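Common to both upcoming complexes is chain A, partnered first by chain B, then by chain C.
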Partner chain A sequence: MKKIMIDPVTRLEGHGKIAIFLKDDGSVANVYFQVPELRGFEKFSEGRAAEDMPQITQRICGVCPEAHHMASTKALDDLFHVEPTSAAKKLRELLYSSFYVTDHTTHFYILAGPDFVMGPDAPPAERNILGVIAKVGLELGGAVIKTRHENHWVIQTIGGRPIHPCCGLPGGVSKAINEEEREKIEEIAKQSVEFGKLSLKVFDDIVLKNKEYLGMVLSDTFTHRTYYMGLVDENNKVNFYDGRVRVVDPDGKEFIKYAPRDYVKHLAEHVEPWTYLKFPYLKKVGWKGFIDGKDSGVYRATPLSRLNAADGMTTPLAQEEYEKMYSTLGGKPAHYTLATHWARLIELLYAAERMVELVQDPEITSTDIRTIPTAKPDEGVGIVEAPRGTLTHHYITDERGVIKKCNLIVGTTNNYAAFYMSVKKAAEHLIKPGKEITEGLLNRIEMAWRPYDLCLACATHALPGELPLEVTIYDAQGNEVKKLSQGI
Partner chain B sequence: MAKLLRAKSKLMIAYGSCSYEGCIPGLSNFYDRKTTFERAYIETPTTDNPEKIFPQTKVKVPEGELELPEFYDTVKTLGQTVDVDYIVPGCPPEEKTTWLALEALITGKLPPKGTVISHSVKAVCDECPLKKEEKRIKKFYRPYQIIPEPEKCLLEQGLLCYGIATRGGCGALCPQANMPCTGCYGPVEGVVDQGAHFLSALASIIDSNDPEEIQRIIDDIPDPAGTFYRYSLADSLLRRARVK
Partner chain C sequence: MKTLVLGIGNPILSDDGAGIRVAREVEKQLKDPQVIVAETSAAGLRLLDSIIGYDEVIIIDAIQTGEGNAGQIYRMEPKDFSFTKRFSSPHQINLVTALELGKMLNLAMPQEISIFAVEAKDITSFSEKCTPEVEQAIPKVVKMVLDELVG
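Then we have the complex of A and B:
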């Protein structure tokens, strides 16, 4: 066997860098989580035609372009003062729900699942999707691939293209679906519900029935008390496509609820010189540094945060699972970061159930899918829940609809302070004087950020998408003692 | 990074529009580092940065020193940085395009060096099923302003469809969803500058000989540079705007 090392590739731009500094006695002195990339969408969007923004901004990322496409299209509705037709809204939400099914499937099975299914101490060569398939069986592995493949067909059928949709226009969508397509989508939606149920059963069997894993989920090492953010409908139920942004405090009490236009009143972003990514926080509480609790403006916007911030789910099966989760975790809000994986699967089931509801709506094949804007464009804000957090697009244009100013607060960015704190806490708890730093131990530190489903491409609006990451540990003299990288 | 990969690789393929022609991030070449930083770290309405801190390539922290890679003024393509063997176009390359490239690699039946691997060397129009008649345009519309007639060429209806200047191979997906092609597969075979090609094609279909009327017709295009060079600015003859 020949060993191939491509060491300097770890210098790749577009990955997270974690530096862990140790004291003389080998305990942790400090941790830095750097994001070494920026592309500047907020600047080069200036001068572009507003209607091009859904297709321009979705190039921020190849992982969740649908989220940018949708937030941008909604910002255009607001900008052009136009109300999309009822059928258009339903088609957008159907596409978006289908996208959630694919995205959450990818994360659980390909990125997060290996930790639980294979175990945190399994060698990296087995801690991957192939290892998962070997353990849970080809049948489930096939279902994962099929679910993703078929839902991408749904995205293409409604959105025009399978990866970067092109259907979003102010006031509607460019394309209707016919009865034949509807029937096929209905079939896929129903299969996705079954897949969602199956995934929760897998989680139950593998994680919840394993005392060691459950203990890890409930341990202080992976816990932070923060504010939680999520989009809710008029009954405070979870909604991914539309509604108001609700934030609850660490005790679960509603702290603020705002309409998209008011986001500037409630959010601010802190800048540090050692990273290209900014740290959003709640303006009313203020930036107090990297600490949790009620007095710190740090909030989280993750699947678990959305469930924490809402009063429940609108679909029956997801609601049942929602209740089960909180009764197991000892009430709301749940502060256990690793429970985010559980919440993600409940959301997957909700998204699939929502697909069924929408595709069975008699209006879904309507051809009344466009309202032509007539008002002068000026300013617009669009918000959706991206899988990785609340996504805000804000544009100001001249009267011809040419972008003058653009501001974006993107999924993963919301959680920057939180996932940095999670990694720091896990490192402090796990790296102890005299204890050897093993792969398994470093993987447990990785497990502290994996629940956030980091997409630093989204966060800094830079490629290459899902997280390549490098951890370097330095001793008290500043010498490198260990390096770990993934996906690089 | 690219240089190292090149040195270690037998074959180097520019996969997708970013490496091929700079793609959307290449639009950053209309601006520079200074204005980009000012927008991102000072101006945006949510930024709270009274001390005007910018990210630094080297930062001293109490425990040691942290480094960040430098942010450059100009986006470059892979081909401008190292020698590239093949190109797979598209943002993103469609499944079938990727498959074509993989097949060539696996079977070893490699095309001549420099080939853009796609099912077509011609324009998107060539594979677009929409009905084409005569292209004579009196007025341009923006996609939100009209509901196009189905099955009829979008360009002939006044929508700025980029299919005439874009390599096919995608299957003309956007026009079939009633949206204009935006040019993501890059120039057709033999064309150096996609934007210039589109501009010259456009000039020949504007239905007027009166300079004032022509000006009026062209004024309906709100962002010519960003439209004609949506994906290819970094790879074009223009490359970038002048840094002030």
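Then we have the complex of A and C:
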């Protein structure tokens, strides 16, 4: 049996190891996927004060600390049985929307963009952000940096410090914003809306107007019919910060809708002998293997899943784009994994529009930002939509609020099974007997999982901030016959 | 002249916290108000955001060369990572690409960037403590950074 190793996965937030085993005739026999696991978080958190969890859990991930901070803060609301004030909720959502603008911008331009702007067959030396900017122009590059930079100022202003916010408290937030800050945030929010519109135009020009790319988006190689998960408001519209978790079946019909506390009733985890990863699935459907369809408990929680799971967007421009996307893709739900990039940009626009709505709300400068908790803590669950999927924090404490048990389902985890299926299917479709395995072909396999933007062991930052990519092909006897490597 | 001392890493992930531990200690011992000490868990573009506007930046981080001994200290410059320049990073983009991007976009990039890296042993276990080998290296790196600031 021949073995192809792709190690690590480039341009993912973390690193993983994928092994593709070939049969003697050169077709794919099987695929395995392993990631370095971070160890011991539950034990690390036991015995700590629950109020420290928003500070501690955001350190789990260097990419989306704001998501952990917010899910954790909401878990504390529930734990201490306290309802945050209306102004506090709005400030939290404003910060969170601003974070979405930065995160989705990064993904599209840094991670996804090179595949489309430079093309999947472009040499790796050009298939990166520098190549993208050289091609699309310095002006757009400047707008990417500016949008991120200014929104980081928003996060810092509301959150209390850069990168790792410290504003979240049970029952509210620690600081209000003044009129001067509000005005500046309003300006940034409006510019972010323009940037969101511009990004969708870039997508339209580069991907949708290119028949080859659109064909790729709609091809079976990058398609899976699964269940879809996302947080929705009381009208079943997309909401990143609050609401209930809605799951629709592969036909788009509501399957379940649950309040955060009930997550344990609906999700279970499957274990495979070849990886430490646990694969969450829908309990009511059951685990039937890594397969598509209504009878398989596999679900996805991605930007496209959120749009599939909802009835629409609450903001006008994003709603318009939402309708356009589904009309182009032939209706709801859309099963095309590569369309996740499109959905991500619609979410970017929604987040920016939501920022404008919130910052123009007269209550946003209110100083009534905290309800002081008085009840004894016991158990709390907090859920937000992290950019990479539904994020659940669950704490159980003693009556002093000391953590006895902590369980987290991070955004990425939801998508492990679908990620694996996407890699396998793309490999099976693209690697054929007698066909040379080129860089471009391997990059197309990577494109199958890049939309998930998995965070794998995402807290590690050891220099040089990356690991080299090595693709090794072994013959049936296990001898190395070909090696494709970059950066080594 | 504006100088930034930036500790990079994750303070709850064993040796990955080495850079932040050094930065915190440097801040305690530092007497120069012109020098800003900061810490970050960010890489790539966020790192770029952090260093814009400074003339000189000293970065401290953990490193896994795969060849050195745990606790070994390296004094490096961005060009030492140039072999990875065009290569896509798992954390968005790497340091060198971020610097090149900053130059390309005509941002106020530092004139001088030096990097102190400590060979890490464990960067996947949750702990606020480094491994003994890295723990021993921390005061040495602190002294090297302080000397660098004086020199």
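Miscellaneous remarks
The criterion applied here is as follows: the second predicted complex is superposed on the first by the 443 of 488 C-alpha atoms of A that agree within 3 Å, B and C clash if a C-alpha of one lies under 4 Å from a C-alpha of the other, contacts with A are read in each partner's own complex, and residues count from 1 in each chain.
Definition applied: contacts are C-beta pairs under 8 Å (C-beta built on N, C-alpha and C of every residue); 3 or more make two chains touch, one makes a residue touch a chain.
For clarity, every value in this text was computed on a predicted model and none was experimentally measured.
Once the two complexes are laid over each other on the shared chain, residue contacts for A:106 go to chain C alone; chain B is not touched. Using the contact criterion defined above for the overlaid structures, shared-chain residue A:56 touches chain B and also reaches chain C. Of the two partner chains placed by superposition, A:197 touches none, neither chain B nor chain C.
By the document's definition of touching, neither partner reaches A:135: not chain B, not chain C.
Of the two partner chains, neither chain B nor chain C is touched by A:182. Contacts of A:148 after superposition: chain C is touched, whereas chain B is not reached.
Of the two partner chains, both chain B and chain C are touched by A:44. Residue by residue along chain A, chain B and chain C are tallied for touches, and B comes out ahead.
Of the two partner chains, chain B is the only one touched by A:161; chain C is not.
According to the touch criterion, the shared surface of chain A, contacted by chain B in one complex and chain C in the other, consists of residues 8-9, 11-13, 36-40, 43-44, 56, 59, 62, 162-164, 462-463. Those residues of chain B lying in contact with chain A across their complex are 1, 4-5, 8, 18, 23-25, 27-28, 30-31, 35-36, 39-41, 43-49, 53-56, 59, 61-66, 68-69, 71, 91-92, 94-95, 142-147, 173-174, 176-179, 182, 222-223, 225-227, 230. Taken together, the chain A residues at the contact with chain B in this complex read 6, 8-9, 11-13, 19, 21, 29-30, 32, 34, 36-40, 42-44, 46-49, 51-52, 55-56, 59, 62, 76, 80, 156, 159-164, 166-167, 169-171, 174-175, 263-264, 267-276, 278, 280, 287, 370, 372-373, 394, 400-402, 405, 407, 409, 462-463, 474, 478. The residues of chain A lying in touch with chain C in their complex are 8-15, 36-41, 43-44, 56, 59-60, 62-63, 65, 106, 110-111, 114, 124-130, 133-134, 138, 141-142, 145, 148-149, 152, 162-164, 456-457, 459-469, 486-487. Residues 8-13, 16, 40-46, 48-50, 52, 61-64, 81, 83-84, 86-97, 100-101, 104-107, 115, 117, 120, 123-127 of chain C touch chain A in their complex.
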